[in-house]
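Structure incoming, see below.
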Amino acid sequence: MGLLDVNDLHAGYGPVSVLHGIDLTVEEGAIVVVLGANGAGKTTTLRTLSGMLSPSRGTIRFDGRPLAGKPATFVRSGIAHVPQGRGTFPQLTVEENLRLGAYSLGRQPYDDDLARWYDFFPRLAERRDQRGGSLSGGEQQMLAVARALMMRPRLLLLDEPSLGLAPTITQNLFELLRQLNEDTGTTMLIVEQNANLALALASYAYVIESGEIVTEGPAETVGADDSIRRAYLGV
Amino acid sequence: MTPLTIVRGSPRHRAIVAAIGAVVLVVLIVIPNVLPSFRLFQVTLAAGFAIAIIGLALITTSAGQISLAQSTFFAIGAYTTAVLVADHGWTPILTFPVGAVFAFMVGLLLGLPALRLKGLYLALVTMAFAIITVPLIKRFDGLTGGNMGKLVSTPDPPSWSGMSPEVWTYAVAVTVATVMFWLANNIVKSGVGRSLSAIRHSELVAETMGVNVAVLKSLAFATSAAFAAVGGGLFTMTVEFVAADSFGLLISIEFLAALVVGGAVAIPGAIAGSLFIEFLPAWASEVNDALAGVLFGSILILVMIFLPDGVTGFIKRQLSRFVVVRHPVVLPPTGDRIGDQGPVDGRVEVEAVLE
Amino acid sequence: MDATLFFNQVIGGLASGAIYGSLALALVMIYRSTGIINFAQGEMAMFSTYIAWQLTEWGVNIGLAALIAIGVAFLAGTAIQSSIIRPVEGADHLTQIMVTLGLFFILNNVAGWQWTFQAQVVPSVFGDEIFAVGDVRITALSIGTVIVLIAEVALLTLLLQKSRIGLAIRGAVDNADSAELVGISVSRMLMVGWGLAAAFGAIAGILVTPRLFLQPNVMFGVLIYSFAAAILGGLDSPIGAIVGGLVVGVTENLASTYIDFVGGDLKIGVALALIVGVLLIKPNGLFGRGEVARV
């Protein structure tokens, strides 16, 4: 029983069905990656896992308990979703973005969390009074991750964190994620198109195509298998 | 159940249109013979409103603009007819084009803001024009009769018609309305209409496609003004009295309401809408004065929430479960077809939509 | 130039302007939180004022009646947002405008039916004292109105900038999806936004009707001036609403006093000219920041 168990998940938008029965498991403390091309259903999967989209069929179990309903429910359970395109609050300052990340903590003090993540992401500390929208792509991605971390999440969902970022910045980011996972044991489910970096980071990988999981396995195995790479990852 | 498909332009299609046309003609002829005088009066009024409404549709449904100034142009037409008939003895029908031209010119002028404003902001600016209209009419009361109003006796119908005055007015109204509908239809179906549609979807794209957006929007606004003026002229001819307070913002709001409640299918929508704004308040105020407003507002809200494309839009959607009219298919030359590029598996690229 | 007349007109203009600013604040609140221009704002204010007035008719002291009416207005605002505004949230502007106009008709006619179109006298919350500074007259109500307005802006600014819920509202407005992802119920924030705006509107109505008298159509004129104020100040700026209101109030008074053509019912032309002028020349107004108007 993993931290997250997804069973036979079906979801779509109106009459258009995108996911046709997704099964996946994420063990606590692991970094799991879901790879796939554009249109495969990666974002839809994450949106279902954070409550932004209601599945038409199937179950989501978090910590053994079924999870469904509005995003606030998922947030309360400890799932933080870093959406595609960062999802920064552009008109609000960096600090306000982070404070909003702590919204679900209610009245609990979070100054220590702020200090900690400013420490981990020194660039954000430098820019704490700048508008979120004025940050560079890489900085916004860091801001989005830091905001998610303010929630003290048990599971971090990341949607294509490398999108629109230069290779060096992406490498930097993934290194930060690895370090984060090492230091805090935060479980991560990352959805990516960039197979190489993602497979290097993850311990387990799923490949999704046309709304179905077509293969899965330990990251090195999936990464080493040329036939998989050629068939599904366009490499 | 698959709907029955009818191809536009085919013999079957033409037969159906002819049949509908015949029914409409019969109804129009029967109306003055069966309706009591006051109801006939109301239908005649509605015809005038319908013209203003279809004019509004030209810029709203076509070009996506929101205008609350239709009452101003309606007033221009109404007062042009009033002054020319009462003070200079013109025949009413001849005054309509004059009012239309006058409104067209004012529309060009007032339409200048329309060029750069969108949605809510255009609504506010046109609202400002509508509000200032009544005080202005009152200010020039020498000409307009101001608050007290101006009596406009329309001349007797020509003897060859054999009709009573009300029936003659009705006939004129319906005929003019038909002509204006035909005009509107031609505009929308023409290249101009398609360009307007492109503008509504995206001005930027339309511009790159070579559409002169500014000119077209101005002309559209001015044309809709001209339509409203014709409706206004008919109004004067029907009511035989004009007074400033009849031409306020409320009229513009009623026209817009008629448009949205009547719905997306242009001409039937305008007709349905015009009947709605004429008959509902009149009927409701027989029961209770306040009821009219409450009912009007409630219907407006309910339609916007549940039938966003109006009554006729709703009916059209229901009908399309049984009958669908489509254009004849014109295939591009071989090599351009989607199928020629490999298999298409009908999947929708939803992922891309989310980006 | 007669200094007394001038100052009297300026003071009078500031007092009216405070009212316009108050209602404009409500308009700005709704525009910022839901992107809608609420054509029914005035009627909502009028209706709330009738509730306050009805309470005074039943013997309740005006101060208490006002507080109750404001509370009711807040609740009504949340109810209106969740019942008729939410269903058309994503819809095009025309649909949204028509819904608020429908609300306008309903409120106006229900008020007329329930309380007739006869003008009613509403007691002033600040009493009836008039102060004289030289030859210039200032009513306690005017002073009170300006103070209330300042308090409203201060409260609103504090709420939005310093409180947790204010941050949540700003977040919900800035990026609704991300707000959901941090656990904010955007729909609840929007309800709060409408509730607050309704409360501000109620305050405006209760403060202006002692002078204008209460009848179902009283707030329509005020609404137009408030539109002008909000647009002049910038539709997304609370400070702009206040400044805009005061400017509109003073301009209206001075214009109708000193410019002959403008008098009586053409007075509203001042507000209308401002609306058109600002939207054509500087659509963001004096303090607005968002992308407004331009195609």
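The letters A, B and C name the chains in turn, as written, and every chain counts its residues from 1.
Quick note on the criterion: contacts are C-beta pairs under 8 Å (C-beta built on N, C-alpha and C of every residue); 3 or more make two chains touch, one makes a residue touch a chain.
In this text, all values refer to a predicted model and were calculated from it rather than measured experimentally.
Peer 1: Would you identify the chain whose Cα-based centre sits farthest away from the centre of chain B?
Peer 2: A
Peer 1: So which chain ends up in the middle if you average the CA atoms?
Peer 2: Central by C-alpha mean position: chain C.
Peer 1: So which one's got more C-beta contacts, A-C or B-C?
Peer 2: B-C
Peer 1: Taking the mean of the CA coordinates per chain, how far is chain A from chain B in Å?
Peer 2: For chain A versus chain B, the centre distance works out to 52 Å.
Peer 1: How big is the gap, in whole Å, between where the Cα atoms of chain A centre and where those of chain C centre?
Peer 2: Chain centroid spacing, chain A to chain C, equals 44 Å.
Peer 1: Nearest whole angstrom, what separates the Cα centre of chain B from the Cα centre of chain C?
Peer 2: 33
Peer 1: Would you pull the chain C residues touching chain A in the complex into a rising list?
Peer 2: 164, 167-168, 170-171, 174-175, 177-185
Peer 1: Enumerate the contact residues on chain C facing chain B in the complex.
Peer 2: 36-37, 84, 87-88, 91-95, 97-99, 101-106, 108-110, 112-113, 224, 227, 231, 265-266, 268-269, 272-273, 275-276, 279-280, 283, 292-295
Peer 1: Enumerate the contact residues on chain B facing chain C in the complex.
Peer 2: The touching residues are 60, 66, 113, 115-121, 123-125, 128-129, 131-132, 134-136, 138-139, 203, 253, 256-257, 260, 288-294, 296-301, 304-305, 308.
Peer 1: How about chain A: which of its residues touch chain C in the complex?
Peer 2: Interface residues on chain A, with respect to chain C: 50-52, 70-72, 75-76, 80-81, 83, 87-92, 96, 99-101, 103-104, 147, 151.
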